[in-house]
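Following: one structure in structure tokens, then a few remarks.
Chain nomenclature is as follows: A, B, C and D, assigned in order of appearance, with residue numbering initiated at 1 for each chain independently.
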């Protein structure tokens, strides 16, 4: 068998399977044990006892997107940094420490300059910055 | 295959001989069957452990909070109320499962599933003891970070599918918070990877051979800060107080699981309590020496397994206690402060730690602070 | 044995989710089926022995891109995404009537056939290895490749990401004076 | 092991589905979803070829960079979609006709 060693991943599949089974089992058990008597008032989305007005969706602020954007850039960069971090120790023991340090630091430095830009422009602020700039513009 | 739970037990001669004689008696190789059996037994054992941990987590939470607030807490079911979690579980099973009108049925079912799935999948790599680690992947740490991010999707969908304004706000906040705090967690873990040169949990643990001065938390000043960054950010990833903005009772009713009742709410709660365990376990494994007995005492023997398991659980439950303690002591943060802490404090500190660790590796050849002091 | 289970489940998940993604009318469901498809592709990577790429796929897509897409959907319309099913011809924006559609598909067929005949030679000259190498952990090798022969791409990708971050932040940022 | 052609057919199927989604849907975000599928089918091909034909890890590296580019593409593309929605109040692709004629 050429794929003998691939089986180290088998426990992951088994744990995933157990999660699926647990979920289905819990839902089935609850289905048999619990009552089911829906009515209109019970099924109404909770809005502190009032009748719900309109759809649930409301306009969200674009800052949610900006947070997601910065996150995804960091995420991808960390993915690329992990393999280099793994061989860092080996390279140091081979005497190539400064070479790999320079590569690593230049990569991190570009990452930092990105976050520094966003910080300066106020993308990292959750509330204040936009109103601040607009007040300054109005003056 | 040597790196799995089955491989660990096959190192002992009497098990090996038993399998060899069994194989010759039956006529085909039983080794593979033994591996699969060990995987199944281990997985079921860990699942049972997790259900207990999740249940006892709720009990401990109520008991400790009662202690902090000078109350008695649950004391009716069983001695000291310790069977309270069973009663809670049965109650959740027998409650009606309400689906709000206008809800997205498919996603409403899928959301708790994604949370449970993401949390349970991490346990394939968490090392409880030398033997009781289902598989020691070469990319175990990376896998754990990746698969845990499914929880964010689950929380977002839970908020979206409910067709309720509170839920949607809570879900959006929850997803934003989880993805933000994943950055400091990832970068803190990366500084440990830098020092240890591996992504496998077992090797990281074996480098911290038991005595506290060998632990990575005391390796150098940067890792000492890194541990707290990891712990605080991990706490925020579990959506618990003081970072429980997504489910803030006083502003969002109950956040993304406002509309969830019965067993599906129970699954969300179970996922949350198990996730605390995951965060504590990862912090213990990476920074606090993991399951190691002092000085590799009895390393690699069968008799050491219960001891190692006890040590790991002891350290993990200590951190679990700290998490609950923090929840009932600190007030909730404001939404903008939450993001400020993440992006303006924790992330820059984590990057600083990473650079510091890189320089430490090159300048001191990866020796720990203690080694430099002694020699 | 395990290889076949992994391969078949992943392939089924990938193909099934991508079909459902095309079929469903709801955009958010479509995004969730994309999630299933991506996880299936991660399983296929794993079955090919590319463990690091598989985990990267889960980390970047599941944790990042899918959540980003869900955010963008919430920012641009929420529940209005359930679209009506259209007639087949309306779906093809450039070919409004039947005649042009038939001619275009004929031309496309002939073009594809000639292409296939040309490319067949190249594809048949590709030699598949006799003995496929067994799975072995790939992180360290990928790390070595990243800082040796692919070092320029490694550094340039960080510049690309910086550009994407700055550009997207500028585009998405609310304009000054327009209150929120 | 499954033959190389099995992986190639899955990848071709993904490519066609992604293309069909790009044609079928008029929503810009749905089109971006289709692009993700297409990029993934390319990355799958790279890994399959590196396993079956070359036997080294260059295909893995290439897939990694495809994922990196896909992330950057999604980030910028979605930012453009959001800006477009702020201007037009819709994300229907047929509304983007400023440059026509």
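Simple rule for what comes next: a residue touches a chain if its C-beta (ideal position, glycine included) is under 8 Å from a C-beta of that chain, and two chains touch if they have at least 3 such contacts.
The structure presented is a predicted model; accordingly, all values stated were derived computationally and were not measured.
**Q** So which has more C-beta pairs touching, B-C or A-D?
**A** B-C
**Q** Please report how many Å separate the Cα centroid of chain A from that of chain C, as a whole number.
**A** Here the centre of chain C sits 19 Å away from the centre of chain A.
**Q** Need the CA-centroid distance for the pair chain B / chain C, whole Å please.
**A** About 31 Å, centre to centre.
**Q** Between chain C and chain D, what is the separation of their C-alpha centroids in Å?
**A** Spacing between the chain centres: roughly 4 Å.
**Q** Hey, what residues on chain C touch two or more of the other chains?
**A** 3, 47, 49, 51-52, 56, 59-60, 63-65, 67-68, 71-72, 74-75, 77, 132-133, 139, 142, 146, 157, 161, 164-165, 168-169, 172
**Q** Chain A: which residues touch two or more other chains?
**A** 2-5, 7, 9-10, 55-57, 60, 62, 64-65, 68-73, 75-76, 79-80, 82, 85-87, 90, 111
**Q** Residues touching two or more other chains, restricted to chain D: which are they?
**A** 1, 64, 67-68, 71-72, 74-75, 78-79, 82
**Q** For this structure, give each pair of chains that are touching.
**A** A-B, A-C, A-D, B-C, C-D
**Q** Once bound in the complex, which stretches of chain C touch chain B?
**A** Answer in residue numbers: 1, 26, 28-29, 32, 35, 51-52, 55-56, 58-59, 62-64, 66-67, 70-71, 74, 137, 139.
**Q** Please give the residue numbers of chain D that touch chain A in the complex, ascending.
**A** Per the stated touch rule, the residues are 1, 64, 67-68, 71-72, 74-75, 78-79, 82, 86.
**Q** Using the touch rule from the top, collect the residues of chain B that touch chain A in their complex.
**A** Listed in rising order, the residues of chain B that touch chain A are 1, 3-5, 35-36, 39-40, 42-44, 46-47, 92-103, 109, 112-113, 116-117, 120-121, 123-125, 134-137, 142-143, 162-168, 172, 176, 179-180, 182-183, 186-187, 190, 193-199, 253, 258-259, 262-264, 266-267, 335-336, 338-340, 343-344, 347-348, 351, 354-355, 358-359, 361-362, 365-366.
**Q** For a test of understanding, state which residues of chain D touch chain C in their complex under the given definition.
**A** Interface residues on the chain D side: 1-2, 4, 6-7, 10, 13-14, 17-18, 20-21, 23-27, 29-30, 32-33, 36-37, 40, 43-44, 47-48, 50-53, 55, 57-58, 60-61, 63-65, 67-76, 78-83, 85, 90-91, 94.
**Q** Quick check on the complex: what are the chain B residues that touch chain C?
**A** Answer in residue numbers: 32, 104, 106-107, 110, 137-139, 142-143, 145-147, 149-150, 152-153, 156-157, 160, 168, 172, 175-176, 179, 182, 199.
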